[in-house]
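These are the structures in question, set out in turn.
Both complexes below contain chain A, partnered by chain B and then by chain C.
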Partner chain A sequence: MELRQTLRTLASMAILVVVLVACQQGESVDVGDPGTTQAADGGTVGTSPPDTGGGDETAGGTLIAAQGAEPDRLDPHLTSAYASFQILENVYDTLVQPGDDLTMEPALAESWDISDDQLTWTFHLREGVKFHNGRDLTAEDVVYSFERIMDPETGAANAYRFESVESVDAVDERTVEIRLTRPTPNLLVNIGGFKGMAIVPREIVEDGTIDTHPIGTGPFRFVSSSPDQGILLERNPDYWQEGLPRLEQIRFVQIPDPTVKLTNLRTGEVHWVDSVPPQELEALAGDDSIALERVPGGDYHYFALNHAREPFDDVRVRRAIAMAIDREEIAEAAQFGAATANQTAIPEGNFWHHDYAPFTPGDIDGAQALLDEAGVSDLTISFMVSSEFPETVTQAQVIASQLEPLGITVEIDDVDFSTWLDRQGQGDFDAFMLSWIGNIDPDDFYYAQHHSEGGFNFQGYSNPEVDDLLDQARVETDQEARKALYDQAVEIIVDEASYIYLYNPENIGAWTTALDGYHVRGDNAVRFVEASLGS
Partner chain B sequence: MTGFVVRRIGQMALALLGVSVIVFALIHFVPGDPVRTALGTRFDPDVYEALVRRHGLDRPLVIQYFSWLGSALQGDLGVSFRSGQPVTGLVLERLPATLTLAGAALAVALVVGVPLGVVSAVRSGSKLDYIASAVSQVGVSVPDFWAGIMYILLFSLTLGWLPPSGYVSPLVDFTGWLRHLVLPALAVGLVSGSIIFRFVRSAVLEALNQDYVRMARAKGLSRRAVLFDHVLPNAWIPIVTVVGLQLGFLLGGVVVVEIIFAWPGIGRLAYLAVGDRDFTVLQGSVLYIATMFLVINLVVDLLYAWLDPRVRYD
Partner chain C sequence: MTEPAAETTVGVVAHRSRLRTTAETVLRNRLAVFGLVILVLLVLVALAAPLIAPYTINEVDVANRLQGPSSQHWFGTDELGRDVFSRVIIASRVSLQVGFVSVGIALGLGVPVGLIAGYYGGRIDSILMRLMDILFSIPAIVLAIAILAALGPDIVNAMIAIGVVYTPIFARITRGSVLTLRDAVFVQAARSIGASDLRIIGNHVFPNVIAPIIVQTSLSLAFAILAEAALSFLGLGVQPPNPAWGRMLSEGRAFFQQAPWMAIFPGLAIFATVFAFNALGDGLRDALDPQQRSIIESRGRS
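Let's turn to the complex of A and B:
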């Protein structure tokens, strides 16, 4: 009897669940109770944010930051994972660093001089900078860090950035001299563009703790890391920037599923999330407790055809494809409008942007004429994409429908990213699609990708004129002259469709309105140095 | 009995060896290369070569396998290529979370599956039986990860009752631990509970139709006495079998749910290791899960002997 009742209750609950779930569809429902259940050091992942300091308005509080990916290791020279750099950005410093407008500004180096022949750069270190273990930073630390990156045995992916560096020497305690084999106008970006070139103390490399207990000079020092409690940082009271940082602690937690990550933000379990899928923009915009920020970024999406395979070796075929696509439509489908179509790599508003758009969007007639001229019909292109970057799959689908009128069949070859990288490296593709992120200097945008000797020219593009322009631009120290060289190179790269550029996505950030002093950056670096938590 | 256990342990060792060969073969036969994956899109070829050499990835695969096996037999599962950390440590610090989740899910499954199964069988053909069977059909059909997302949207976002994801150690905050455990345990446990329900129901139904049940009723025993003294003891064997299998499934099946709920367990570790082609970590996680699975199987076999006097392992 009782059992029957229980079951009846259960059944009606089940029906209720179904109904509620059905009603739930994307509505913004603010639970609104941020709660004060746990102090941050109580060791919880994704609990309610702690009360930010019992009415003390100066205390910055503890920030809980949710990352979508898992940091692999914490050695800044060895990791290539963005998730690791989100943390390390706040722990380490570089000699120089990109400012808010991405021009290079002083960091550990207060100033620098360049010799007349452009081959010797002398950096003067800031006084009184201490590592988190209390030891003073010296010029030897800079020499040690750079030599560690440059040594191939270290296995640092960024060794290539020191290609033009002949030697790094400590002149005295606070002076570092870098000698170059050729003028390198973008040296500052190369050695300080992001925390992969961090200055580390030798002792943590030698005792092997750099991966588990990083020690830097940055605004926050590392406290602990565990799979269930995430990664905890605390304020560095000896930080070299007066009055900073403001936050007492930062706890980075990892929430792989994007829906669940945003749910944590909306229920107030976390204060900040590392990325927002563009399709969620609308839902989040209606939530008063969440601040959204969108800034044009320097990243770009593109695809490339395999120039070593017929018929993509024929520039007319590549141009036909570049002409036939409609970039606006691709950007809209893949980024829900949070992007700007671009036929080149560098977005408008950037000093290095070159206003060049030779193709009329969706020019099927022009494209057909070129294909006819090349004698190509019934073409099938296999597009190598990866679901780990879901926008690439969407883009390939849109491109497939855009190329259909030309009689081109696009096959979507969706592989995991490890496979993708492997096949790209081996040249085993018709076309691959991805994005380049975090570039600052035009040399980062073009040299490795389009120079015939470039390390990432997997598409196999080769044009001596472009090589020549890129080689000249690389050593040209006059900004305007340098830009003119890149502008010329870009026009050829676009005309010959070495890459087929699509768009620049916006960088999107979302956080609780209680977080102040944080902004989305053009290079997507996550800097909490000026952030604080109000109520 | 002792002989049986010793023999079974020997078989377990062979099975684990087989598992390690299969994992090794699978991760090496799919395309993808751990060095390239670790270095990302941009690197210097010299660095690539140096890393390949340092990790011995330029040696023939057979040598690589036996070198791993040699260390593994001495208890050293190697070092993660990706993070540089010892594999045993990585696995052990995540083991409690996975065991907790699998255990809680099993509890949910048993609490839901067994009593409902028995009652449904006893009152077979009743409304209750139909409803329970229909609900269990939904339970086995709905993927646990989808159910997980739905629970999060309902119980966390809409109702605000429970935290959407994460894990708390019970030693730090017992209530917090329970609150975080509920949703993932439901997501995994209700699927298993539905399967257990169906097995229990049919096992009890079958026992109910035996001649000895009619005999017992004819002797004048009450329904309750017949059920508890004659039917259930005979239905236990198939039930224990399916529960054992389900527990094995739970250990493997928590992978996706661990990702959804940001649960810091072995499943998530193994999942990331596949993407990174981090062989030692994948191998280590799989071996731990396989070992647990085999131990559970052994325990189930021993339970047979205890439950059914006719079963003897001599």
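Let's turn to the complex of A and C:
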């Protein structure tokens, strides 16, 4: 039954993630240590000769990549779907980009200078870069792309990243000048943290083909897209990085069911899968024909209570809940060990990590005392989750069982993700649960969520002290001083349970051992530029 | 029985003998008896479920997840370490409840529509039955999904959706039977002594169309339970952590290699229940539907 298939598809779309890639402190901002040490080496398991089954296409260097979800659209400035970015990552470039260690490195811009007052940034473009349609990249294209993102008419979700940008101008063919209203130490991440800020040629916007036939400057050019053949990319022979890319073609196919997707990898029907169900990790580690890589990621899972509703407006109630849960058990239940419990957002090993864990796991007595003090009993919490992110449903069930001893009833409200977003926006919830992925800079994972003016502060948290710290940190160009400000802010955020942080999942990737030169990245970006297929 | 004397005598005789033959025919059918036994057990289990279940439905124990069947956990544990046996038997309440309520809704809507359409005929018949045809033309599960999408996924809405979906079957069956009775002598007689339409339909027509409705009810219960399982498989029925067989099956699918019991036991429960209702329904049809029965009997003799 076709509709049933479609619904199953929907249910397994674990991946329509709001990509909120943020950024790393600008290394080129005069100040010292770039800091990030995230993205440790993931050990690659499995060394025996590849067995990719049949498939004539493998011989010619065509990589078949299986995605869990269908890209909703291909306009990099307008999509927020992870499935779309898996493709666009390989088609487009940004001015600067996160390197393997997530520090920002040159891409279309070869170098840049910063004025002494920190308010003017001048970017020098690489020479000889061509779009896939043969036209040369010029400074005008950069200006056009950034202005398109900033234009409210466009409706780009990333417009806020240009909040401190006053103007973008082309000084000459290969020089772009960005003027700022205030010092912005994380500008590089704002304009190049992920492909949502891609440089696009004006012509495909004007003729309307950007959503169906993207043209960029990236290592692969878009060839075709069809429901039965998937999305086909081919090698860009004019790519600006010498000798790259290595693959002739990439075919992205969509396989919504995670089990089917993995079976296809095992039988060699596909070479790469975009996710691995955590319960399969153990079995995969023993499979010699499959390379498995696990990298500590910067993503975090959390839930938030509605501070505008009683009794969650009472910090004692929120704290009681944050205290009573056992994050280890939640992480283990949802991720099968491929995660680390954390009471703050950012994991150990990351420059922005702050070692702060005030709550004893599963402290029912402490929680009960707080609830008694607040005069709250027989509490019912409606927990908004979405099956499109199945781990949220699992976690909510574990939390329900953990809060039961407090006499708290958790009602699980499983809605489709568009309804979820809608109700989150309207404040129509007791509690919601999700994750933030691709976090690089704290301005993105603290300001937007916890500043009283923050665009994603749907829980309604407001604390003038936190606002003040976040405002200061925003413009602080000294990295150590900036980190100290965030450390102070995060302690208050955790203490007052603005978000109740749960854990950091590992980024997990699996592919056939015939695929070389590919690695799981700390920001989950899918880059095939250096990949090649052995025989 | 408060009907005129002449009719009462005939009615009672017919009624008694019919009840007896029905019961005898059903009891002679071993499959139907088997179905009946399963159903009685199932209803008892459902009623006593909270007493029988050794664990509560959401007793998470991550350390003991995905354990195979054992003396502690007869049906093993699921991915959160919850007892599958407890969840399967608690879920029987949901399945039976959805089955009975939704078929009740279908009966409550479909039978009156069929009675009115069949008895009055003409334009009323055309309008009502074309409406039913429209409902009938949409595949049942698709229609139920559409209704749930509009009303929101929850158990009450699932019952309404399934009830609406099976309404046309009852309307058609009732109407078909009424058509053969509309001009029957006893109906004409009632009409000629000035009985109201309501009285004729209620006292004379309805009792005579009840047999096929009973058969259809039993069969529809099977379909309704299956529909509920399908909907909850798709995440549209009972919401977690409350268990439903379909949902358990769908969740168990992801763990089928490591923990097949997560899917097998709820699957078996669905199978047994649907089988039981079908077997009983077939037995009832053999007993109550003379045409079908004579065909079967004549086959038996030849």
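What we mean here is this: the second predicted complex is superposed on the first by the 475 of 535 C-alpha atoms of A that agree within 3 Å, B and C clash if a C-alpha of one lies under 4 Å from a C-alpha of the other, contacts with A are read in each partner's own complex, and residues count from 1 in each chain.
Rule of thumb we're sticking to: a contact is a pair of C-beta atoms (placed from the backbone, for glycine too) under 8 Å apart; a residue touches a chain by one contact, two chains touch by 3 or more.
On a predicted model such as this, the values are computed, not experimentally measured, just so you know.
*Asks:* On the superposed three-chain arrangement, identify whether chain B or chain C touches more chain A residues.
*Replies:* B
*Asks:* With the two structures laid over each other on chain A, which partner does A:Asp414 touch: chain B (first), chain C (second), both, or neither?
*Replies:* After superposing on A, A:Asp414 lies in contact with chain C but is clear of chain B.
*Asks:* Touching A:Ser387, do we find chain B (first), chain C (second), both, or neither?
*Replies:* Touch status of A:Ser387: second partner only.
*Asks:* Could you tell me if A:Val398 is touching chain B, chain C, both of them or neither one (first, second, both, neither)?
*Replies:* After superposing on A, A:Val398 lies in contact with chain C but is clear of chain B.
*Asks:* Answer with first, second, both or neither: which of chain B and chain C does A:Thr259 touch in the superposed model?
*Replies:* It touches chain B and chain C both.
*Asks:* With the two complexes superposed on chain A, say which partner A:Ala333 touches: chain B (first), chain C (second), both, or neither.
*Replies:* Second partner only, chain C.
*Asks:* Residue overlap on chain A between the chain B contact set and the chain C contact set?
*Replies:* 3-4, 7, 11, 259, 415
*Asks:* Can you list the chain C residues touching chain A in their complex?
*Replies:* Touching chain A from chain C are residues 58-60, 62, 65, 79-80, 139, 141-142, 145, 153, 230, 234-235, 239-241, 253-258.
*Asks:* Using the touch definition from the top, list the residues of chain A that touch chain B in their complex.
*Replies:* 3-4, 7, 10-11, 14, 17, 20-21, 24, 29, 31-33, 37-38, 42-48, 70, 72-73, 75, 78, 80-81, 152-160, 163, 211-212, 226-229, 253-257, 259-260, 263-264, 266-267, 269, 388, 415-419, 421-423, 425, 434, 436, 448, 455-456
*Asks:* For chain A, which residues are in contact with chain C within the complex?
*Replies:* It is residues 1, 3-4, 7-8, 11, 258-259, 277, 279, 283, 329, 332-333, 387, 393-394, 396-398, 400-402, 404, 411-415 of chain A that touch chain C.
*Asks:* Show me the residue ranges of chain B that touch chain A in the complex, using the header's touch definition.
*Replies:* 30-34, 36-47, 49-51, 54, 82-85, 93-94, 97, 116, 119, 128, 131-132, 135, 149-150, 152-154, 156-160, 163-169, 172-173, 176, 180, 259-262, 264, 268-269, 272, 275-277
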